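Look at the two complexes coming up: chain A is in both, with chain B in one and chain C in the other.
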Partner chain A sequence: MHSDARPPLALTLAAIGGLLFLHLPIVLIFLYAFTTEDRSYQFPPPGLTTEWFAVAWNREDIWPPLYLSLRVAALSSGLALVLGTLCAAAMARARFFGRDTISLLVVLPIALPGIITGMSLRSAFAIGDIPFSTFTIVLGHATFCIVIVYNNAVARFRRLGASMLEASADLGANSFQTFRHVILPNLGSALLAGGMLAFALSFDEVIVTTFTAGQQSTLPIWMLNELVRPRQRPVTNVVAIVVFVATFLPILAAYYLTRGAEETAGGGK
Partner chain B sequence: MTPAVEFQSVSRHFGAVKAVDRVDLTIAEGSFFAMLGPSGSGKTTCLRLISGFEMPTSGAVRIFGEDMGMVPPNRRHVNTVFQDYALFPHMNVRDNVAYGLMVKGVDRRSREARAEEMLSLVKLDGFGGRKPAQLSGGQRQRVALARALVNEPRVLLLDEPLGALDLKLREAMQDELKSLQQRLGITFVFVTHDQGEALSMADRVAVFNEGRVAQVGTPSEIYERPATRFVADFVGSSNVLAPEVTEAFGGPRAWASLRPEAIRLVSGGRVRGTVTGTRYLGAGTRLEVRAGALPGPPSGEHDGGIAVLVPAGAAVPAVGAEVALDWDAAALHVMGDGA
Partner chain C sequence: MSDAAHPARGPGDRLTAHFWRRPKLLTLLLLLPPLLWLGVVYIGSLAALLLQSFYSIDPFSGLVVPEFTLKTYGELLIPSNFDIIVRTVAMAAAVTLAAAILGFPIAFFAARYAKGRWKAVFYLGIMLPLWSSYLVKVYAWKLILAKEGIITWAAEGIGAGNLLNAVLALPVIGGNSLSTSYIGTFLVFLYVWLPYMILPMQASLERVPTSMLEASADLGASNWRTLRSVILPLALPGVVAGSIFTFSLTLGDYIIPQIVGSSRFFIGQAVYSLQGTAGNIPLAAAFAVVPIAIMLVYLTIARKMGAFDAL
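Up next is the complex of A and B:
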């Protein structure tokens, strides 16, 4: 096997076709943010304009959903960072009966269809007589955000090893000092990456949000509602670009952060 | 004088496993003490009982007369050189060494000056700015040593300190550890499974077997007068003789140990035998001799053979040759029990 051998033509074409299939729709969404036709998406667009950015900026109904989405994403990823890290610390260090079962239970929410999570949370809120609010949306999002943080943190904890924590205690550090000076610096990039992924997931979540939001709408829900109305359609595409940037940049950053950590695994930062 | 470390009938059980079983030990201040034994013999657990990472199931561990009870590791005036060194990968060497002072709240300038002093003590001047990943195994070991010594512990614990080093470096570090201990005058307690290391470095050796202390003594006591069959066999692989063989060899009817290097090849000795194998060791040749007309084979791993060490320079008989063996009567060491 030669690594520099050229792949067969058919394989190259298939790969290009696959990439186009995945990414062409996104490009089209970007394209229609600049169209001059505001009632239907016709191809090719009759003309190009940037006026929809100004229109979107001045539409007052966009801002509350945007703020809500940002707040929910920040709160749920923050909550996930605390709970996910604690959970990972416990699972990585302790050996107890039923540990594997609990480990599965922690990871389960991400495998569970969002509709199940949403329905069960909704009925739980109804039973508990909890009114829908930002808080209930955050709780819904935290279910899968915790998993993201947990998965990132638990892998790093395993690599940290027990003897380094023992060395810290042996040299006179209390648990807080060990956490601050040994665990956190070694965990930092993993937590940042987990937090950013969680933020991105929360920011564009629709299904769980519809079950836990009540009267408020987050940005993705606002877009869903907007698509059925024929007025100023390209504004929705402008917002789509915002959502894309807000979710894509954290994911990209998380990718580079975790990759860098692996390269310097033995050498620290 | 109060001993540096004292074990009073200490046991540590993990479920049904008695990792440490009713151990009594006294480690004098300023001594170089070795805990020697095969893996699973309880020596490492004993070290962790001193550092505080294990708590006794029963009995008391005292450090300078003070019962450690439930005192956590960070409040004990002992420090450990870990087997895998456990250096902090995200800190440079200087910060690693200064760590113990940092968590005590010593200001940056004094702790860095002190760290540099410790680095020069272990001959690593100028390495302060490097990361542990940029050091060789031997250098990492020195950093771990400097880091453990910076807190001025009254007892330094070393867990298989030389296990990861190659032979040449290991011998150099043995001498260095020994002279460091003499210069600093603090108590060193080290765990090893290497009997040569224990005998050459330590003032006193405790031999562990199955969670119990088989014998405590100076290296020469351990080597020359092993208390049990286990000690005789584990330390320097002696010929362990069953009572009937001892009797045939001119001793009392009891278990005995006969060192291979104490046996001479002569023309007319106490016992005659046939050479069944030879192993060249450099400083000598080890013969396996099957002695004729013995009531039963010696026990243990020397199934029927007597090991004889022929020093370098002397003539080595070929396999199959008839030889006669002789030794000084004092070399036949009768052991107290049959354990």
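Up next is the complex of A and C:
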């Protein structure tokens, strides 16, 4: 079994079949956005139309959740960028007591199921009598977004190494100049990638959000309500396409930003 | 010495010199904001969760009684509640096993045979479904599994309509349609968590040295024998690492069984409905502690099997 030998036919078929299994279902989301049937999920669609895009555009109840989702995602990924980068910088600088504990702490919010993060925050809000607001949603989202930025930044710090920083100091730069002229340009694309992944993750998050939103509605929560009690089903598909594209594009961009490096973004969601 | 070569010129330089002499101080300053955030928001909330789970609810007023009691944990053992836990763990085990079987060929092909352009195709082919919207993925399956949907259409098209009906007539796992049966729930779980299994598996397969495969072949082993005696044991930590994700994520999910499945609850649904309409936060918290406890045991075993090196 050489690595350059031709793969067995059965393996090739199983691998391609598996990839198709992962991708074909999404195609249906696009197809059903054009169906003329809005009361059932009939296949094949009895007819095709583009009217649902206009209907979705004019639905008043879609815009506020969209704005809320964008605001939450922007705030959360911004916070995560600052906190994740700081943490990565500290971890890259030194080995110290409790280092493993800290890396575990950073990963924990995403390693444990979302329902635990959600229910924990819900318990804390109940004990502290904290009313639900945009802030409570951001609190949850930023917490699990930190690890995304951290993973990207820490890998880049590791590659950067100490020699460039030492060279910069030897040439007379102080820490702030080194940060501005050496660290930031080298870190830039990793941070951009991490920030975009965090944005995508927050924009799409629903499980933690249902515990921290109260009566507010983000776009995924709007979608969830439509799934449970469908009204104009193809409109939900139109929104699903928007959500899909809004998460798909940042991921693709993050991949191209960090491609070629040994650490490619997205390895550990 | 360095002070003489580069005399301090401004506050930035003085601070630099200050931190140069006290490197630990800078590390501490850098760590403080993220640690404060995670410590207060996350660990604080987890503590609140534990605290709530030791409270109970007054059966008459429906208010939370903030006094220490084990009564709420006792309620988990009531048959109807215990069934929820057993059902969820069984589903998580089934999904994990199926994901390992279905994911192995993909991971193996991507690690061993995909080169150049195909390597990128496989990478993106696994990464994009992993990251793309969770709800959209679940929604896609609601379309697929619906009674009037594509599976029924395809089954009737190839004359397998009776087979589909026979499967749905099975006790326990069957149901009125695929979208209201455990089979449906299982399929959606498998679909949504599969990439989490493939990635660590692929990483550990990539680390299997080619020389060992050549040695195995030189010693006369067939491909199957090499797979069984060399590749699988070496890839096991990756499989275990992947299973951590599939198992844990299935344990805690409540959206999928709510949208596709029978009306019988999973742990996540119990937590969600108890904290919401029922207003019983203590019992919801106790239910949420169950996946944590199960995962702690699972992680201890996984660590022994070397899964953490494969992450």
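Remarks
Following the convention adopted for this analysis, the second predicted complex is superposed on the first by the 252 of 269 C-alpha atoms of A that agree within 3 Å, B and C clash if a C-alpha of one lies under 4 Å from a C-alpha of the other, contacts with A are read in each partner's own complex, and residues count from 1 in each chain.
The definition used in the following text is that a residue touches a chain if its C-beta (ideal position, glycine included) is under 8 Å from a C-beta of that chain, and two chains touch if they have at least 3 such contacts.
Here the structure is a predicted model, which means the values were calculated and not measured.
Of the two partner chains placed by the overlay, only chain C lies in contact with A:S123; chain B stays clear of it. Residue contacts after overlaying the shared chain place A:A253 against neither chain B nor chain C. Legend: residue contacts after superposition of the two complexes on their common chain; A:M164 is shown touching chain B, with no touch to chain C. By the touch criterion defined above, A:P185 lies against chain B but remains apart from chain C after alignment on the C-alpha atoms of chain A. Chain A is touched at more residues by one of its partners, and among chain B and chain C that partner is C. Within the superposed three-chain model, A:G172 lies in touch with chain B and with chain C [touch as defined at top].
Counting contacts by the rule stated earlier, residues 172, 174, 177, 266-269 of chain A appear in both its interface with chain B and its interface with chain C.
Note for the complex: chain B touches chain A at residues 51, 53, 72-75, 79-80, 82-84, 86-91, 99-100, 102-104, 131-134, 147-148, 151. Listing the residues of chain C that touch chain A in their complex gives 6, 12-13, 15-16, 19, 23-24, 26-28, 30-31, 33-35, 37-39, 41-46, 48-49, 51-52, 64, 102-103, 105-106, 108-110, 112-113, 122-144, 146, 148-150, 152-153, 191, 194-196, 199, 210, 213-214, 216-217, 223, 226, 244, 248-249, 251-255, 258-259, 267-268, 271-272, 275, 281, 284-285, 288, 291-292, 295, 311. Every residue of chain A that touches chain C in the complex is listed here, in rising order: 1-3, 7-8, 11-12, 14-15, 18-19, 21-23, 25-26, 28-29, 32, 40-44, 82-84, 86-87, 89-90, 93-94, 96, 102, 105-106, 108-109, 111-117, 119-124, 126-128, 139, 142-143, 146, 172, 174-177, 197, 200-201, 204-207, 210-211, 220, 223-224, 227-228, 236-237, 240, 243-244, 247-248, 251-252, 255, 264, 266-269.
Chain contact summary for the complex, chain A toward chain B: residues 161, 163-164, 166-174, 177, 181-182, 185-186, 266-269.
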